[in-house]
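The following pair of complexes shares a single chain, chain A, combined with chain B in the former and chain C in the latter.
Entry: the complex of A and B
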């Protein structure tokens, strides 16, 4: 084994010839991060050789040596800066050496980007925008749309905000740029049936259902003869129909079609009511998911008359009926937060419904200036430019805002009665209106997310998108665009669609992507795989699954937190380079009688220890820091190991609640510590000797206080 | 050719491991036919001096069951180690400490206080405790010394164990497999546990009832719960050590509708069976609320006793940490 000790430009006093045993070759360097230092480290690399680098904090060392298989020992920030002499530093280095002996190297995993085309699922405004950008960058794009026409929700709407312009302003040029780009193949009536493979080489099964119209001259003769009039988002049309987007051909809605054959008879081109469905498999290197919003079903809101009273309707239906001139309201109530932020329905805020509700109010006032428009809300959330819309409605358009949720909605003749309190005036009101519009929230497209194996919270793929942690992500092949990730308005959908296109472009431009995250290794001889599966649900990223009866880690999803390794009671799953044995070996090398062993999360508490070093705080010398990826990685074995070496106390330090880098590693640590405290007290270790604390990266002083408290407190319980 | 000599000995054990030999049923005849039993205190009359008189290594195999706590057990273990070519730790107690190992939750003094003092069935007003030597008119009587800690067989200094045959008690098929392997000389690497490497879940019939996402919201104790004989215990909230325990037992407890208590010990790479199970348990308890978590944990009055029911002496802490400095627990 080769140990490089850095003096950090003379900050660290290293004795003339430090001795770490006959099998450890020691090289002392002035500055490992310098060109010469880096060259020396490179030169000492050999097959199967694990290096120990003792110098400054891994925060800096990883910048230069992140790709080199090594254990890093932080003898600057947490050594000399915290007042340690050579004895203390020597112990730290021994810990690193023992850890290096027990640890397996991080395997460098590569995936070839063998397929250079990209699949975009969903041709709503987001899918169109992603496809447009990818096409312009020269990538071959397959854009699939379940409906017979592209355009998605936006194509059905009257107008889009924040501009308030008709949808044509946005959609028509966009559709033309997509349909006119030879790199983009648009497949309508097409669903994704299955996705296999991984980044660089996804195998996608597509199923195209019959359109019925084989050749079309757009004469429109088929429409008047069609006897069926299904309602499409509030507005009736015929079972054979067209939409002003793309393709410029009619299509048959086979759910409504009765196959009477009248259209076939009159058609001068070709209609085939028995056109078969087609399946095909394509291979792509990356996927953009743009499957958009799912309206929360108003039938679930029967307390508001949803699904019971015809004049209580969804925002989109109301908007389309006004736009189509089907209704002419004189008095309307728009109910905001209908079923939102309510544990009985949708526990979250869908964010865009406030804007949609206001849009319907504005639309009503624009078309029918004399109509009375009421709007009930619990909180108005009008961020950014939408504040102007709110003010316009309130101050100029005369829309009446009522604070409070309606208590009762029922029919009286052909009118709808709403009983509600206006908290602002303290009055109870009974309004008799023509229509009630429910501004409901939105649900995710669970089916597609599940098919792609994307992890979700509240069913939305939070951990996969909408995170500030992007540089610490693995190279992914799947990108979420628009409202598929979370309810988004058109503006944000379009922006995120460009972001998704940029992500796909970054992957497709490479020949190979490399995964450097340590992943758990599964010992197949020990793992009961299919029959145990305890680890599977603990992964925050859905990276574990049973493939061909063996537990398998998808390194394209794994982020290396090690929470699953802690969960494996058979020891068959262990995070490479952070194995139980390796961490325990370090614990056993550094812990001694009276020490305080601190397992510090590398994202927060470990940095707090560095901070304490920069501030030269007076840290008790008993502290022995063990760097871990997450508090969720700390196993009872490691804690027991520390106490078995005579540790006075064990501290587990991580990120504050709800701010775990790996989403919920720290909450798992909470329950583990509670259980461990009870367990340890039975074994004669007072529960105050095991402590879990949260730290911000700058809370060096807090760390010092906690460690001091632990030594002080513990002295009083007679240990 | 002379038949290989075999010794069967018991240390701190309940006698169940002796029964295990009898459970071989007619197979025991094959064993008796193939080997020459030179020691079996429970069934045959041999003396210690008979063994002492043997050459070192003369016995082909010694099967030792039971944990080690007394000087007598220590001496017998060392003697048999010298005389036998192969030493097999037979059963949970010799393998990982077993039920007698639970005494490591208490000091020797506390054990004596209970056993010879305050227990309701004890009538000992003068608080007489066993002495290693007692002078009587007829002469001096000696009793073995009782050590502070219970040990598994391989924790006794100078007793190097070749193989481990796990279980409380080891099941007949594994015993026969071991005997056959020894007789044929086809033995696995030294130090192996003669049982499968996978955890018990691998062979458990209740797998199919295990939900995709196993998460526990309450803990139920077997004697206070109706347990569905078809369903995964953990999924029902009944703690089952199966996932943390080596398989090979034949699911005797599971088939009797009782959860696993870990007698086969940990799987291959695990240092501390109880700590590993505890870590896993904390991951699958699906409660975020502090008070609710406390309530759930209150329903588990003795977590350490449960997870270390069989393995306390071989855990990292090896037993309750003494008030003052910890001692090195090896019997010397």
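Entry: the complex of A and C
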């Protein structure tokens, strides 16, 4: 084993020839982070010997040595800065050495980026924007769209907020940039049936359903002869139709088509009502998911007459009916938060519906200046420049904002009656209007997300943040663009589409991606003998699954928190480099009679200890810090190990509630500590000797107070 | 004007501890309850949204000494529609109990005790009701239930 001790430019006094046993070669360096220091560490690599680096905080050391397998001992911030002399520092280093002896190195993993093309799922405004950027960067793009035409929701809309510009301003140039780029292959009427493989090499099954129109000269003779008039987002059209986006050919809506054959007879080119569906498999290196949002079905809102009263409609239908000249409202009510922020329907705020509702009000007033428009709301959420739209509307005569969520909406003759409380006056109000617009929220595209196996919360995916490859995140091949991730307006969708394109580009421009996140190692035999699968739901990232009866870790999803390792009742699951044995070995090396052993989360509490060092706070000398990836990694054996060595108290320090880096490691720690405390008191050990506390990464003072409290209070408790 | 010092900040916590009061702090004052309330339509003194707000702010006396907590008919329309799962009728019951415990019994309660003693119920059943019940295939009810009066008298419950 090689131990590098850094004096941090003389800040740390290292004795002339420190002795850590015959099998430890010691090298003292003035500054490990300097060119010379780094060269010295490089030179000691390569013969399977473990490395221990004692110097400044791992926060800094990881910058230079993050890719090297080593144990880091923080003898600066948590050593000399906290008033430790060489004795204390020596103990810390011994802890690192013992840990290094017991720990297995983290395996360096690689994924070849063998396929250089990219799949974009969904050709709405987000998919188009992602495809455009990826195409301009020179990547081969396959852009698939389920509908017969590209354009998605934006193509159906009349106008876009906040400017109120017609959709053509945004969409038409974008469509041309995509359709005119030879790198981009647009496939309409196409669904993704299956995705297999991993980053760099995905196998994707595509299914193209019949368009019916094989050759088209756009003469339009088929339209008048078609007897069917299905309603498309509030507006009737024929079963054979065109849309002014792309491709420039008509298409048949086979859900409405009765196969009467009249279009086939009149067509001078070629229509085939029996065109078969096609399936093909493609291979891509990365995937952009731009499947957009799903309107919340208003039929669920029976108290509001949704699905029962024709004059109660979705925002998109209302907007299209006005644009098509079907309706001419004189008095209309827009209901914000219809079915949103509601435990019975959508518990979340969809973020864009406030703006959509105001847009409907604006376009009503633009077209019908004498119309009366009421908008009922719980809270208006008009962030940033949207405040100006809100003000513009307030300035208009005939626009009334009503604070209060309507209780019921019903028909009275040909009018629609709305009951609400006007909270600002405190009066009960009954309104009679022509039309009610329900500004509903949006639901995720559950089908696609489930097919891709993306972890989700409230059915929305998480953990896929485009380009943020922070050191603890793994290379991802799947990127979310636009409203597929969460309801987004056009502006935000386009921005996130660029971010997703940049993420995909970052992957595709490499030949190999490497990552060094520790993953749990699973002893297959022990695991199979128990087969409890308790660990599977504890993973915040869905990285654990049973494949062919064997517990398997998806290395590209795992983030190395170790929450699952603690859950395993058989000890068959252990996190590499952070094994029970390794952590326990460090505990046993540093804990002694009367000490306070603190397991500190590397994201919060450990940094608080550093902060205490920078501020030169008066930390009790009994403190022994053990760095852990998460409080969710702290196992009963580690706590017991500390007490067995005579520790007076054990502190577990992590991130505040709801702010765990690994989503719920800290809540797991809460229940584990409660159990452990009960267990301890049954053994006759005062349960106050085990304490769980939350720290922000700057709360050095709080850490000092807690440790001081523990060492003071517990002085009277028998050890 | 009420100054902040006059507010009893524990009031909301106490109501939250009562049966049915658990979700009271989730209320975001959307007014669905008020707009749903059939009582409020006839008597605007009763406004469940405002009552919850007053509880959460800590206006103990203003709520417990009021007439309006006694006006809730317990129809549950509000809690059916509440987007945040607040059990408004249970909260009103809790407030009635708290008001009674604090000695602010509403005159209607005394009237109800009289009715209980007279009929054994809080409402009178007449021959007409029994005729309708028979028509619907339901058994007839006793018009009076003297035993309730005996129990109440023994318990010392008086109007």
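In the analysis below, the second predicted complex is superposed on the first by the 702 of 719 C-alpha atoms of A that agree within 3 Å, B and C clash if a C-alpha of one lies under 4 Å from a C-alpha of the other, contacts with A are read in each partner's own complex, and residues count from 1 in each chain.
To be clear about the criterion, contacts are C-beta pairs under 8 Å (C-beta built on N, C-alpha and C of every residue); 3 or more make two chains touch, one makes a residue touch a chain.
Since this is a predicted model, take the numbers as computed values, not measurements.
The superposed arrangement places chain B and chain C next to each other on chain A without a clash.
By the document's definition of touching, neither partner reaches A:105: not chain B, not chain C.
With chain A as vertex, the superposed Cα centres of chain B and chain C define an angle of 80 degrees, given in steps of 10.
In the superposition on chain A, A:676 contacts chain B only, with no contact to chain C.
In the superposed model, A:404 makes contact with chain C only, not with chain B. Of the two partner chains placed around the shared chain by superposition, neither chain B nor chain C is touched by A:83. Judged by the touch definition given at the top, the superposed model places A:166 against neither chain B nor chain C. Residue by residue along chain A, chain B and chain C are tallied for touches, and B comes out ahead.
Using the contact criterion defined above for the overlaid structures, shared-chain residue A:421 touches chain C, although it does not reach chain B.
Of the two partner chains, chain C is the only one that A:344 touches; chain B does not reach it.
When the two complexes are laid on top of each other via chain A, the two nearest Cα atoms from chain B and chain C are 12 angstrom apart. Taken together, the chain A residues at the contact with chain C in this complex read 303, 337, 341-345, 378-379, 403-408, 419-421, 423, 426-429.
Residues 28-36, 40-41, 44, 47, 49-50, 77, 81, 83-85 of chain C are the ones touching chain A in the complex.
On chain B, the positions that touch chain A within their shared complex are 105, 197-204, 207, 210, 212-215, 243-244, 247, 266-272, 274-285, 287-288, 290, 293-294, 297, 300, 302-305, 307, 315-323, 325-326. Across the complex, chain B is touched by residues 523, 525-528, 530-534, 536-538, 563, 566-572, 574, 580-581, 584, 593, 635-637, 639-641, 643-644, 646, 667-668, 670-672, 674-676, 678-680, 682-685, 718 of chain A.
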